[in-house]
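Structure, as structure tokens:
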């Protein structure tokens, strides 16, 4: 006896989905909910169990200068790294899409940072930034510029970390642009060229709009990565000097796994989740429409 | 017939196993070292020797990585109900471990006069961080202090006596000025001194505060004194090294690259741990010296490093075995062996009287500098809510060193933050 | 359902033209949809003729030289850290920060690094991690994507939105709660615990769903008429057609999990489970300061497998991204 097709589709559909769904719920949706719950509890300690504290953790957060500093840093970091890495990715893609001597090598060079572990390259960048004999200072020294304490100054620590992030991400995003560029019929550019358009003009009016879906995709990835990746901070500055290079996720790690204040860490995580959710909503509701239905 | 034989064999095996487990006590201990390094081999050797001498006891060392990771692992194990029997963890973790209800004081195990004598036999400086509320919670083992390393060639080049390191704060500035070299365009090519300030600046800062004869916290670990005038003064001196006297690089100085800066002659003097002795000996391509930190009102340095802790939830047999093991490994002969092999400070005066140690010190006198400094040493900063209270100070120090706040303001803010944290933890 | 087509994820190639040909496209001089859809040059709207021919040729060659220089300069900058790693790893310690062309070569740093930490075990852990994770991802994502692409069941759209949530709320930001879960499951400090939160990957589900949707219905129906079951069709029809997507996804997944650090750092405590990244950090964060010679050697060791694989399969790597139509 066979079930009617409609019911079978229901059953099979859910069965196929089930394994993924169980894991997804366990490690994404359930923890999101428990984060909220734990952020309203106190941290258990020794013999003292967790108790309901309401908004205490949030009040503490509002009064915590390190939280605000980390939040500001995260915003600055995102606003700095995202546009730069996307612009560079696009530039790289355009450069290696055309005829270029040694194109294979250049592509390789752009892409290698992606496959190197951040934790490893951070140690190398640590050398680049070392005052005095670090590579950056050695190079600047040739031009008679004195040494600078790159990671040890308030103003330059975060930008230095951002440079590492841009270096790491741009090549990865380039791949997507490259794939997209190769999908655009070359006839387009030729056509425009025959019509006498400058390359920049063609790029701006033809290529770039066609790349919009790619840009959107890359943008989402860039946003995620700017809030997700803090490995280099662990190696290079540990959030210093005086929290000027602490990002939100790094602070969560500090609070959760060094201070063992899991409830406060949960409250901080809620802020991060709220930011990511806002980014998602803005992107879905606003950008999508602008690009496709304007 | 074969079945009967099989059963008999099984019974016999079970009997042996039972007998064996009745005799053997197994203890595990977490050890804070990255696995595979030379130290693991030393520990493996020591435990093997101990097991040979004490056939009833099996010791299982578990190499847990850095101190930070070891405490995480230990606390996780406590929460999951299967803690190790003992563990070497930072001396500053004492209050955290007490607050988490994870450890027992050693006093509970001490029965005989011999035990009591042993408990009192370490350098007193190391015990400062191991006792609170009249009980001893930690047995010093892998301990260090801060010392000054100087480049003798650089001293010679600057017209200074290469055998005479600065003995006090004024001399350190004066010597630093002579050692700081600038090129034609005014860029510094060699600094006088580097005192690292990344990661855990509070530890190095304790050098300055101790020399200025002031303590940063009370013994109960419930109160800090970050904003005392003498503390601010100590910070002012540290800040002045770069901002006023220009003998130290401005901004935050990375702990990890400081030894390299010293090898590269980017700095003529540095403050760092005694644990770097072997590293410097291997990598410095010039004659160097090791000295006690300079004095101001007095000499001084904090101690650092790890203690043995006794974990709850062990059987009495295991606790007795732990005591036996820890007593054994801190005995004069073993402590001396340990100090010679690793460069850490042997924790008991008797260890320095052993023939092996005397021979070692005769050949390498710098090894004794740390020991001699111990009489001036104080406890490393440690309170309840240790990580946070320490971070409050670290942030304040970095704010002052990077010029964002005056020393007075930075310490006032740090103290306010520490008060806030400790008040809520006392609640 | 709006989220269905444009959740910001990658778009499949065939959809691009149709999608952009929607009414109400912005007013621009050039109408991109017309161009891309027709590929007929004649359809291109008139462009301002601002340069004479010779003018343009001159500009082009100068521009070309400029571009080449820029491309190479950027390439040099981007490869610099790796180049430094090679220099330092293969030279004695004295030369780790000095670049003298006469410096002697050595392999000693590799020997020291290898001896200083149980890298063999770390490699094994990392290998197990990426293999287990990828295998689970491929299976779980394929099944789920198939359900989303070809089955209509109650609540599908809602569930799909729930799945896409993970694109933003990645396991990387839920470290505190996921640590709690692992502790409760009693699997802290295991390789499985590192991979588990990533196994049901929204990115993978989305990617495969988009691909499966492009499989023509006719093929699907023809197979059904021949009596093929759902799973047979998945295996015989859908999976083979999505091969480039699988390759691209696998490459992203492997490099992601090989390089992942923060979460493994948190859940692992011992040599038996640490992946290379965490092993490397434990090894380089000593009390005694940074030793770049050994660290760079260790870096090359840890990233070696991926680097070699990438060098060998560079073309396929880039190609599979392109063929997968991830854009």
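Every chain is named by a letter (A, B and C) in the order it is written, and numbering of its residues begins at 1.
The rule is short, and it goes like this: a contact is a pair of C-beta atoms (placed from the backbone, for glycine too) under 8 Å apart; a residue touches a chain by one contact, two chains touch by 3 or more.
Nothing here was measured: the structure is a model prediction, and the numbers come from that model.
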| Chain nearest the global centroid, as defined over all protein CA atoms shown | A
| task | Using the touch rule from the top, point out the two chains with the most contacting C-beta pairs. | result | A-C
| said: Farthest chain from chain A, going by mean C-alpha coordinates, please. | reply: B
| query | In whole angstrom, what separates the CA-based centres of chain A and chain B? | reply | 37
| With chain centres defined as C-alpha means, what is the inter-centre distance between chain A and chain C in Å? | 13
| said: Could you work out how far the Cα centre of chain B sits from that of chain C, in whole Å? | reply: 43
| field | Touching two or more other chains - residues of chain A | value | 126, 130, 133, 257
| query | Which residue numbers or ranges of chain C touch two or more of the other chains? | reply | 97, 285, 290, 292
| message | Could you pull out the residues of chain B that touch at least 2 other chains? | response | 72, 256-257, 260, 264
| query | Contact residues on chain A for chain B in the complex? | reply | 45-47, 66, 126, 130-133, 141, 144-147, 149, 151-154, 237-238, 240-244, 254, 257-261
| remark: In the complex, chain C touches chain A at residues 2-3, 6-11, 13, 16, 19-20, 22, 24-26, 28-30, 32, 35-36, 39, 41, 44, 46-51, 56, 59-60, 63, 67-68, 70-72, 74-76, 78-82, 84-85, 88, 97-98, 139-141, 143-144, 146-148, 151-154, 156, 159, 162-163, 165-181, 196-197, 199-200, 202, 205, 230, 255, 258-259, 261-262, 265-266, 276-278, 280-281, 284-285, 290, 292, 295-296, 298-299, 302-303, 306-307, 310-311, 314, 318, 321-322, 324-327
| query | Which positions of chain A touch chain C when the two form their complex? | reply | 9-10, 12-14, 16-17, 19-24, 26-32, 34-35, 38, 88, 91-92, 95-96, 98, 100-102, 104-121, 123-128, 130, 133-135, 167, 170-171, 175-176, 178-180, 182-185, 187-188, 190-192, 194-199, 201, 205-206, 209-210, 213-214, 216-217, 219-220, 224, 227-228, 230-231, 234-235, 249, 252-253, 256-257, 262, 265-266, 269, 272-273, 276-277, 279-280, 283-284, 287-288, 292-294
| remark: chain C partner, complex, touching residues on chain B are 34-37, 62-66, 69, 72-73, 76, 79-80, 255-260, 264, 272-273, 275-276, 278-279, 283, 285
| note | Residue positions on chain C within touch of chain B in the complex are 93-94, 97, 115-118, 183, 186, 188-189, 269-271, 282-283, 285-292
